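Quick heads-up: structures coming right below.
Note that chain A is present in both complexes that follow, paired respectively with chain B and with chain C.
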Partner chain A sequence: MAAVGKSVGMPLGERLALIAVILLAVLWLLPLMWVTAVSLKNNTELVVNPGAVFTAPYTIQNYIDLTKTSALGTWFRNSLIVSLSHTVLVLIVSCLAGYGFARIEFPGRNAVFIFSLVGLAIPGQAIIVPLHSFFNAFDMHNTYAALIIPGIATPFGIFLMTAYFRAIPAEIEEAARLDNASRFKIFWTIALPLAVPAMATLGIFTFLGTWNDYLWPLISATRPEMYTLTVGLAATQTNIDQSEGLGYLMAQSVFAGLPMLILYIFFQKYVVRAVAGAAIR
Partner chain B sequence: MKRLKALTMLGIVAGLLATTGAQAQTEVRFARFFGACEADFGTNLDPALPSNECGVITTLTNIFNAENPDIKVVPEIVEWGPYYEQLAGRIATGDVPDISVMHGDMLINFVNRGLIEPLDAALEEAGIDVNDIAEGPRENVTVDGQIYALPQDFVTWLWHTNSGLMAEAGLGEVNAPIYPTSADEMLAQARQFKEATGKPYLALTLDPTSAARTLYTLMLQNGTPLFPESTKVIDLHSDAAKAAITLLKDMIDEGLLVFKPDWATAFTDFSGGASGNMLGGTWQIGDLVRLSEQTGGQLDGYVAHPFPTVFGEPAVWTSSHSWVMLKGGAGSPEKRAASLKFLKFLFDHNIHWARTGHLPMRTSLMTSPEFTSMPYRLDFASVPPIAQHIPKDVLQQRIIMPFIGEELLAIFQGQKSMDDGIAAAEERVNTYLARLR
Partner chain C sequence: MSDTPRAGARVPKLRTWHWPELLFIAPFLILYVTFLLFPMAWGFWMSFNYYDLFAGFSEYIGLENYQQLFSDQIYRRAVINTFLFVAITVPPLVVLGLLIALVLNRQTWWSAVLRTLFFGSTVLSVTIVTLIWRGVYLPQKGLLDNFLNAVGIGGIGILQDPNLALIGIAITTVWWGIGLPMVLFLAALQQVPGEIYEAAKLDNASPWQTLWSITIPSIWRTVVLVIIIQIIAHFQVFGQINLMTGGGPNNSTRSMVQFIYESGFRQWTAGFASAAAQVLFVIMVIAAGLQFWASRRKQEF
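Take a look at the complex of A and B:
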């Protein structure tokens, strides 16, 4: 309503754009609203009449059923540990590498930088077999390490942080160097705080990607106690044809998506900036 | 002080005994799909309660664990789709489960790579009478004279029927519908049904595998196998194949057979009385029984019936679930003994699996009142002799059947002519099979 109120006095073009944006937002929200509404419906009622989703009664029974899956807490904890650890490690590696490429002169710097970016062109699925063999050789499957380590040297992260550090004026660091500050101190106390917006962007994307990852946890974490939430929830599908139990299925989706929603609420400024490409100044 | 010491010693002894007890429990790692349904059956010990695969296998596992305190069967559940990919990953890493479920049509891919233990001696050791296993499923898991799996059932293709609607169209009575005995009769009954009810006679999903299973069944009924010469080459140019495709296409063109986009829609529409029959599988019976009881009214007189014989020879596509012991699993004598005990338990309680809709694999159960009195099933005793697996030597059946189905659906939906669709299916399947080693 506030947006509509503010639109009074806007040029016609902007008003039309605003209406279009609102329509697109509604269009985007509809599936989410549908998923949530279905998750609050009785499963049998949905089979008899899919249109029942629009009318009461609603129930939280599907969510109660979800909590009866005894391993749910373990899977949630695994996802949290893996996602947070992976995100922290990606940030450490990307920031160090990015700062190095942006600020430190060393022989072959450009060649190494370009080589590290080649990874952007290689899809993760293409290296899944050697990756699996590698971790197998070290007997590391079904461990947190196997779930966390792959992908911590992400080409995207290195590229993003390099670009961001390069955009920070070198004069700021030169002043510190004149005061005999060490390279690491300059990195830690000057460059890193200035790079927080880019780190937030990278961190959010990394966390989202890791939380939603399915393929690698599926083949690496084969013991149920090591499942992440995506693999665990998929295993609780009770019917091969998905011919019923739609409400329960949607409750699973909502549950799995909640942390993402919470993350977005707290970090929406950075997410929006990241999507808009404003992280790289 | 003495009393305190005595109590402390007692506590230590009790603790040690408890620890020893816990250590004595042998763990059997049981890899399976069928889903997880702890919310409904996590603690259930009544085998009469569940009616779907997940509920029955969960309950059977609970019962076994309760009856055998020295053994703990731990289900390791993966969803159906990526189950075999994960299993391959587990084998590669040496993290091999003690017992694994396997579809009969996947077995040969693992046997050929030497990944499965032959079970002849193990089954004998467990006291399982292999002669009681029906010939079809047993033959399907036998390679070079050795049994590689303990079959669990017959999984077959059938008709789910709304006998109330059929009766309304003059096609039998409620709970006793009549079915066609020839292609002409099928067309005639379908027209009669549509005229009386205004609804399609038959529904099928757009799932390619479903289309392929239907064609496979009709070809067998017409006396022509899908693999006439070799298990590497399909032939869809036969008169039998063309007659089957023509029959289905004619029904589609007249609106007598309709497609549903997915199983959820198919179930919803069928439960709502949208068609007289729905093509489907035995695994859906339990869910449809429950729906028919819960929804009431529109799915009036639900029954499941073997695929009607419309081309002369009674025959129907079938497959089986089976239990295998992969090489590298059940390594210790204790684990092996515990695993075999669980297999014997599943064999002994095979009748409960039939509650899902699948047919038991034990010949002795086929005519038992426990099975023949199961509700909603018509004439199921006729299935075992006519059920035909895809030849067991055909590799990657789960990949080639959708190839055939996709081309069939293209024909049915008018995207390809029959000749083009048939040629495309043969080319895709035969080229793929030729590449396999």
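Take a look at the complex of A and C:
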């Protein structure tokens, strides 16, 4: 190449790529900064002069109003109850079945295992209509149960936990088995503690997915007091175009998004591993 | 190597199993059949029936729902929109994801910060993301139109324009979803042995040559996998569209999943919606088959 004279650190191509990524980072950050700035503006000022977002004066009035009038607290609690219960149940069901498939050599095990993985191909959206009718038949919509139960039996969870338990050498359990310890005791005291990393992956992934789920709670929870955070926030933004309270709306999005972002920043390593691990499976 | 390497080493008595031990898998199987397989089968049956959910009335009508579906102009539009959406969303996600991963694949504090930033939007829910971006896209009042006004182009109200609305949603989606392809590429890049790069350096290979003849071939399996994962994910696009445009303006953003949602839960035509769901299911099975094929092809080069 002709660029002999200048060998200052990086080659040109690499430098261009770096500049492109930094520009992208600015583009990624800009909406977040704008939203934060808008949430700190007076609503009437935003109507009169929408261009003045990045200049003072700022106020925290929108956040004060939020704590007084908004139902975000209720929705937040609903999301927490639903996501935590769902995640715990997914972990229980998946760990039990994963151990069962990995260790208990009942006849037809492979056939049942493959049968269990068929569900991987069924997208949630393809079954919402019958699932809705199903819960309707038992008059169960607008309950926590309806929000929690679907998806507890996840073929992905079975796949992950079975693979993990299989990778644990069976010899570890054999001493206990010779002592006539029950299967469940072996599972609980020996196998499960070794499976904590896989449980973390499955748990984080499940919690994130449930917390952010939109379609099922949109259909099942139709009463505002049963809304989850996603559906509740969706309901408040229907008239954004006419909204006089843009600052208030944006304060809601900051308020609702912040807990997840803070958790993410603290547990980044685990969150990334969980999401990436689940995608590759 | 045999399939049962430890068979001889075990005490035969340990191989027995007892009925109560099936309780390990029973909870899963019961829930799996009840809340996944049964709804799937019921949905299949529904698609051959006319349902009136309010009157509790249903009637077998054969393939009529499918006939109606395939001659429905709005459904055709939804199918085209969905393919279009995948076509304009997946390439930037893959290309930008790879670019970002290549640049940020180093142990410096600033690359860690930028990785955190690019993945950060992924943990937000679709409602928060769309709330942010509907604000950004607001005609005249939003960040985008303010910027376009400032540079003299003038506001465009991107979500109100039938020709631009889908692009607006695609931009939001790329912003939201770039984290996953980035981390998948980063994980793959870290698997490439450093010695290959040392060798390339000794051969005086340019960075461009290194990229095309070493890096890309080494992570090619991941590239294919990421493309398939992204196609599957974005084929099912719903939340962004329902929240940002509701399928409009002029049906220009209505997607296949939104079509299912609206015919099922707005018009309450469950049989018709189920027929649309079966079509989605068939496409997803093909895509899942592709993914399975791509992820099993591992050690082949």
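Note that the second predicted complex is superposed on the first by the 184 of 281 C-alpha atoms of A that agree within 3 Å, B and C clash if a C-alpha of one lies under 4 Å from a C-alpha of the other, contacts with A are read in each partner's own complex, and residues count from 1 in each chain.
Please note the rule applied: a residue touches a chain if its C-beta (ideal position, glycine included) is under 8 Å from a C-beta of that chain, and two chains touch if they have at least 3 such contacts.
These numbers were taken from a predicted model, which means no experiment stands behind them.
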item	value
First (chain B), second (chain C), both or neither touched by A:I240	both
Which of chain B and chain C A:P224 touches, first, second, both or neither	first
Partner chain(s) touched by A:A200 [first = chain B, second = chain C, both, neither]	neither
Which superposed partner A:G151 touches (first chain B, second chain C, both, neither)	second
Partner chain in contact with A:S94 - chain B first, chain C second, else both or neither	second
Which superposed partner A:L32 touches (first chain B, second chain C, both, neither)	second
Touching partner for A:H132 - first (chain B), second (chain C), both, neither	both
Which of chain B and chain C A:T44 touches, first, second, both or neither	first
Which superposed partner A:A251 touches (first chain B, second chain C, both, neither)	neither
Chain C versus chain B, contacts on chain A by residue	C
Chain B and chain C footprints on chain A, overlapping residues	46-47, 50, 132-133, 136, 218-219, 231, 234, 237, 240-241, 246
Touching residues on chain A, where the partner in the complex is chain B	44, 46-50, 64-66, 68-70, 132-133, 136, 141-142, 218-220, 222-224, 231, 234-244, 246
Touching residues (chain side chain B, partner chain A) in the complex	33, 35-40, 42, 52-54, 74-80, 82, 85-86, 89-90, 92-95, 262-264, 266-268, 271-272, 283-284, 287, 291, 294-295, 298
Residue ranges of chain C touching chain A (in the complex, touch as defined)	6, 10-11, 14-15, 17-18, 21-25, 27-32, 35-40, 42-43, 46, 53, 96, 99-100, 102-104, 114, 116-128, 130-136, 138-143, 146, 149-150, 175, 178-180, 183-184, 187, 206-208, 225, 229, 236, 238-239, 242-243, 257, 260-261, 264-265, 270, 273-274, 277-278, 280-281, 284-285, 288-289, 295
Interface residues, chain A side, partner chain C - complex	1, 11, 13-14, 17-18, 20-22, 24-25, 27-32, 34-35, 38, 46-47, 50-51, 53, 92-94, 96-97, 99-101, 104-106, 112, 116, 118-123, 125-134, 136, 149-153, 155, 158, 170-171, 174, 177-178, 183, 187, 208, 211-212, 214-215, 218-219, 229-231, 233-234, 237, 240-241, 246, 249-250, 252-253, 256-257, 260-261, 263-265, 268, 271-272, 275-276, 279-281
